[in-house]
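There are two complexes below, and they share chain A, which is joined by chain B in the first and by chain C in the second.
Take a look at the complex of A and B:
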C-alpha cells in the first residue's frame, strides 16, 4: 500500500498520518489513494461519528500515587476509551505529539489533557458502602440521577466507585459537551452482587448458617467427585442442588465474599472459627473489638470493615479486654487482616457536625493513622481493599494498566486534612473540577484553571506558528517523494 | 388598487352592493398587529371573512360596504392564546398504567362554568389531556365555547400524553409499547403471507378445476389485516407519525432516561417540563437545543438548585434552540387570567418578546397539530384574535375584545 502513495504532497502527508489509524478512515484511505484527486473531496467531507472515535485522557506532570506502593514524580497516566493504557514519563498523545497532520475533522480520536503540575494523582476512592450517591438501590441502571448533588459531592470527596446496597456502582456524571456521547447507563453498575449477607450471632442464626454451610460443603464434595467420575462415565448425572443455599454455595466456591455484621469479641471469634472450619474468608462489618482477637481473625483470613472513630465502652461485667480502640485498624492490619475504612454516616450529610459522613473518607482514615495504621495501608483501606471485598478490584482500586481510568487529582497529600480534590476522572472522562462546582470553588482557588485541549492548540501566537511550521515540514517531505 | 384585487381574489362573495354591509366580512384596523408569522405590522388592517382571516396588511384600503372597525391609535391585536396543556373542566382521576387508547374527549364536560371566563382571558383554544401518570391517553383540542361536545371540539386525538421518570417501570411503558407494536407488525406480516398463500392456492385450484369441471372452488376474500391491540395501535401511530407524543419529565436525569428508553425509535415528541424551584433541566439544554424539540413550561423564574440565584429557564432553553411553549403558571382560572402578565415578567427577565408571543400561540398550536389553522394572524387561519388598547404584556392592560373564529365572543369592538 505504501507504493500507492500519490505524488502530490498533500495526499502523502495525510496518507502517512492515516496509514496507522485503526479506523474506518484507514480503510477508506487505501481506496482514496487509488482514485483521482477530484474524488478526494467527497471522501473528505465524511465526518467520523463520535462513538467511533478513540477517546484519550492524559493527566501529566503529576506525582502519581498508583496505590500499589509506587510513587512516580512528574509522571503521566494515559487512558484510552476509559481504560488505563500507560503510566509513565513523557507519554505522548495523538493530536499533540503525533498525527499532527491529520486535519481536525478527519481525526478518529479525541483527546483531553489535564496538566497536573504540582498536583498529585491517586486512584479514585472506593467507598465500601454508601447510600444515595447515585440512584435507587437495586436498579441503578434505570434510576441513576447523573446530575444529583450527592454525586457531585461524592466526587468532590474523591469517591469514584462505591458499594450501595448489594451493588457496586460508579459515580458517573453526564457531562454535556459539544462532542458528547449518550450517557453510558450500562457503565454505572460495576457489580450487582458484591457480597453474600451472612448472619452468625444468635443461637438460631448460628444453627441455620451452619446447616447451610454443611449442605453446601456436602454438595461440593459430591460435585467434585462427580467431576472426576463423569470423565469415565458420561451418563453420570450432576448432583442435585436441591436444598443447597445458592448464596452460601457461592461463598464456599469463592465467587463472592460472605459478609457478617459483628463487633463483639465473642461473635468475632465464632465467625473466625466457622470460617476456618469451612474454609472461606469472611468480611466482618463493624469489627469493633477486632483488636482484641486480631491474631485469631488474621489466622482465619478475615477481612474487616471498620469505622476508625467508632467509640463504645467495654462491657465492664467481663474481665477480658473489650470496647472500641483507636488502634483497632492498626492492630488488625498488623495481624494480617485487610481493612476497609468507612465513616459512620453512609450518605452525604449536610446538617449537624461536619466530617462524619461519606464525604470524609480520608478524614476517617486519619483517625486510624493516629492509632498507628501506616499511610500506605490507610490509602489501601479506601481504595483497593474495599474493591477486593466487593470483587471489583479487577476494574478499580489502583492505577494499573488495563484497569478503569478512574483517578483523582489532589492539591496535596490525600490524607492531609487541608487537601482538596481538584479533579475527578471516571472512565477516562473528567467529571469533576473543583473550580466549576459551587461547593468548594471559593476555598483556596487554583491559580490556573484547567486546560482544554482545543484551547491549548488554538490560543496564542506561538501555537499558531507551530502548526504552520508543521504543515510546512509535511510539504517539504512530500516534495522529496 | 392592489388590495381590491386581493380582496376579490380572497372572497368570491365580495362584490358588495353599495350601502349594504356584508354580515360575515369585517375589516379591523389596529395600530399594531403582532402576527407571529410575519412580525409586527403597524397600522394594520385585518380582514375577517367567514370566521377566517382573509388578509392582514399594512394600511390596506378597504372596499366600500365592508364593516370597518377602527380600534384607535394604541390598539394591538395578537392571535388568540392557545393553552396546549390543561385540564380545565375535567375531573376524572387517572391511574399509573399505560392506557394509550383513552381519549380525553370522553370526559369533556361542556357545562363547565369557567369556560366563558377562560375565553374572556383570551384563551381561544385549550388542549385538554387525560389524567394519570404513566401513559394516560390522548388529548383533545377544544374551543372553550359551545353548548355540546361537537361544538367545542376543534380536533380530537391530538397528542399522546406520557409521563417519564427515572425508574424502570416508567421506562418500560415506552419500550413495552413499541415492543407490542413490533409484535403486531409480525402478526400482520404472517397473516398477510398466509392470505397470499391461500390466494395463490385458490387461483391454482381454479385453473385446475377449469379443465375438469365447474366444481366449486373456495373463494378467498380480500385481505383483512388483524385488528391491532389498542395499545399496540397507539405506538404504531406514533411511528407512522399519525400521532405525536407529549412527554412529561421532571429533571435533566429524566431526560437522559427518556433518551435511553426511546433508544432508536423515531417519532415526534415534545416535552412537558414543569418549572419548579430547583429544576435542573439546564444541564441538558444543549441537547434539547440540538434536538429543537418543543418544551412546555410555565412562565416562571426558578432558582439554581440549592441557591437563591434566579434562572430564567424558559429563556435559556429557547436560546439553546428549543421551541418554547408557555402555559399558565398553574391550571387555575386566575392563572389563565394573569397568563399574559406572567409572561410579561419573563420578558422583563430577558425572554425575547417575539419568542414569548410565539410560545403562547403558534408553538402550542403546533403541539396540537393545528399549526395550519391556529396561532398566527395570517391569511387562511382561524380568526381567533385578541384586541388590546395597549401593550398586552404590561400588567395594567386589559383585553378589549376576544374574537373566536370571526365572532366577538367577549368584550366589544367599535
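Take a look at the complex of A and C:
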C-alpha cells in the first residue's frame, strides 16, 4: 500500500528549491517497507518513518500579501506540519540553518524551500461554491480522485478551498502518496455543514420559515430558563425539542449561517427584516438588486454572494431602481455588507469560452473593481469572506500564524489578466507547479517570467510607455500595480 | 457653447451636456493616446481635436489656443472605439437572426431587423464598442447580408447605420449541419460545399450573362469583390476548406470567423494564403491537443502571421459589452496585449474596408473615441466617456455606471 521514497527525491523534485542534499541512502529506506520492528532494531537504523517526521515548508523572497491588508516585501512564510508558524523576514529553517550535521535520513523532519524571488504570495483562494473540482458532493471521502484533471485546474486557478454542496473541501492532490504517506481522505473535508439552507421566496415558504423561527426562538427562551432553573432543581428536564427545526435552531444559536437565495429587492428587504426580528446574520446568495437596498442589508448584518457580471435588465414598468448593476459589489461593501464573489460558471469549462468559469475568480472580481470595489475587498471576496461565510475562517482565507499553510505563488498582481498561479501549496505541501503540468507550462514559461516578466499593458502609473512594451523590452522588476 | 472655458469649469460644463446632444467641436487631452495607426503611434500625453464629428488633429498636446473647449483627462487612456465583426445584437435579442427560407439565402438582409439604440447596443456603447457588423445566424449555409452600424443613441436608422448591406454571412461548418430536418439536402461538409458552390456558380453565371437576378444581386457584388464575406467555420479542416473555396477558388474578400477548436492548427496555411481571421467567441482549445496544452487561438493565429487578425464576441454568446475581455483572455493565453487591441480596432476595420472611417485615431477619421481609466483590456478599468462621430454617447456617473 505504501510506496516509500526518500525525502531527498521530494526536495530535489521541486524546481526552484535552493536546497539540495547528498544522494539518498536507499538501503535504509528500504527497511521502512518492513513492518517487523525487531528487524529494524537488529539493523540499528536511526531512520525515521515519514509519518513521524516534522514537515517544514518555507517560501521566501516573495512579496507576501497576507490577505489581512498587509504586504511584506522580500518576506517569507514558514509552515510546519501543515500550519503557518511564522511570517516575516529571513526566517530560519532546520536543515539549512541548523541541524546541518544530522545525516539526512536520520533527520526527524523534511524541508521544502521555495525561492519566490520576483513572485508574489497570496492566501489560497476560497471559492464560495464550485462544482466538480473534487469528488461528489455528499461523500467526498469516498468519491475524491486525487489525480483528477479538475483538481489540477482548480489549483491552477489558485483555488485551494471551495464550497461544494453543503461541504467545504480542500483541493489536496496525490502529494502524500508521493512521500510515502497514504492519501489524506479525511483532510479533504474542512466542514460538512457550512450553511443551513433557508427557503424564503414563495408565500408558503415565507410562512413556513417564520413558523420555524418562532418555534426555535420559543425553544431557546425555554432552554435559557431551564439553564437557570436546573441549578436549583437538578431533576428538572430539558425542554422538549419536538417540532423544533434543528437547522433553524442552529442558525439562531449562531452555530451555522443561514443561507438564502434571493435577488429581488422585495425578497431582500423581507430577509433583512426577518434577520433583524430574529437576530441572525443572513447570507444572501444572488443578491442581484442588493445595491438598491444596500443600507437596509448592511443594518441587518447581511452578507452577500454575488456574480459581478450578473446581468438582468431593470423592469421598466416599475418606477423604482432595479435589475443588475456593475456597482452592486461596491455599493454593498460601502454599506458594510461583506461580499463573496463567484463567477456565473461554477465548474471548469474547457469548451473554448475563456474567462467565465470557476477558473477565473480574479477576472470576475476585476469586474467588481470596475464597478468601484476596492482591490483589498476584492481579494477578500475570494479569500477570507467566503471562508467566514462557510465557518472555515479559522483554518483558511488569510495568511496568519496558526492557520493552515494554504497559499499560492503568482508571477504578478493576482488581479491582472495575464497573471498565472505558479505554485499552489495546501497544508504546507506543494500540490501544483505550473511548469510541471501540461496545461499552461508553455505560456510565458517561468524561466522568462521570474527574470524578465512579460511586458504588460498595465494600467499602472509607473508605465514605461506602450511602444516599449510592444517591443518586449526586458524589465528588471515585476510590475507594480 | 462659450469658447473660453477654464479647465476647472469644464467638468461642470460637461455634466450639463447630456449624451445625445449635438456633436461638439472640442480638444481632448489625455494621459495616453493609442492611435492604433499603421505606425503604432502612442502619445503620452496625447491630444485629439474634433471638428464636425471628425478628427482634425492627433498628437502631442499643443498650447491651448482658447478657440475650442478643452477637456483634460491627465490620467486616462484614449483609444479608438472598438469594432466587432461577428455580432447579433442588432435585433435587440436572439430573435430574428435566423430566417431559414432556403438552405442558402443570399437574398436576405439583416438590415430589415435592426432596432437602433436597443438596450444591448446601449450597453455595448458604454463598454466602448462603437462599430458593429450585425449578421444573420448560422442556421443555414448562407444566412444573408449583414448590416454595418454604430452604437449611437439614435433611434433613427439612417443616423446609426453605416452600410445597410455591409457584407455576406456564410456558415460552412457545424451549426448549419443541424438543419432541423427542414431541407432534403445532405448535412455534411461535402454537401455544404456543394450547396455553396452551386449558388456561387449561379451568381457568376448571372454576372457573365449580364442577367438581373433579384435573389443574387448582392451575391454578385461579393464575387466581384465589392463586398466582404464573414464565414462561420471551425476546425482545422473546416478553416482550410473555407479558405480554399472562398479565397483561392472564388477570390472573394473573405474573413474566416470563429476558426475555433483546432482551427489554429491551420494558421500557418491561412497565413501563407493571406486570409484574415476573425477569432472567437471560443478562444482556447484543449480537446485537440495531443500534449495536454491549453492553446490560445489568439496567440497561435497571430504568431503564425495571419493578416489583420481580429477578435469577436458572437454576441450574445459573449455579451457585447465584454468584447475587451476576448482580448484580455487571448493575451492571458499567450498573445500580445497590444496586438489583441489592434484585433478589436484597426484590423477588423481594414478587413471590412472601414478603415477610412473607423478603427484608429487619425486625422480625417470619425471621432469615435473611448476614454478609459487605464488599460482597456483590464476588467478593472472602466469607461469614462464615449464619443461617436464627435457626439458624447456615454458618460460615467457614480451610482449610475452602466458597465
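Basically, the second predicted complex is superposed on the first by the 397 of 481 C-alpha atoms of A that agree within 3 Å, B and C clash if a C-alpha of one lies under 4 Å from a C-alpha of the other, contacts with A are read in each partner's own complex, and residues count from 1 in each chain.
Simple rule for what comes next: a contact is a pair of C-beta atoms (placed from the backbone, for glycine too) under 8 Å apart; a residue touches a chain by one contact, two chains touch by 3 or more.
This one's a predicted model, so the numbers in the text were calculated from it and none came from an experiment.
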| item | value |
| --- | --- |
| Which superposed partner A:418 touches (first chain B, second chain C, both, neither) | second |
| Touching partner for A:353 - first (chain B), second (chain C), both, neither | second |
| Which superposed partner A:174 touches (first chain B, second chain C, both, neither) | first |
| Partner chain in contact with A:438 - chain B first, chain C second, else both or neither | both |
| Residue contacts with chain A in the superposition, chain B compared against chain C | C |
| First, second, both or neither for A:311, with chain B first and chain C second | second |
| Touching partner for A:182 - first (chain B), second (chain C), both, neither | first |
| Contacts of A:236 with chain B and chain C, given as first, second, both or neither | neither |
| Touched partner set for A:143, first chain B, second chain C, both or neither | first |
| Chain A residues contacted in one complex by chain B, in the other by chain C | 438 |
| Complex interface listing, chain A residues touching chain B | 135-136, 139, 141-149, 174, 176, 178, 182-183, 185, 438 |
| Partner chain A, residues of chain B touching it in the complex | 166-168, 171, 251-253, 256-257, 259-260, 280, 283-287, 305-307 |
| Residue numbers on chain A that touch chain C, as the complex places them | 309, 311, 313, 325-327, 331, 350-355, 363, 366-367, 369-372, 375, 415-418, 438-444, 456-460, 463, 465-467, 469-470 |
| Residues on chain C engaged by chain A in the complex (per definition of touch) | 32, 34, 40, 42, 44, 119, 260-261, 281-287, 291-294, 296, 299, 317-319, 322, 325, 328-329, 331-334, 336-338, 341, 373-375, 377-382, 398-399, 401-403 |
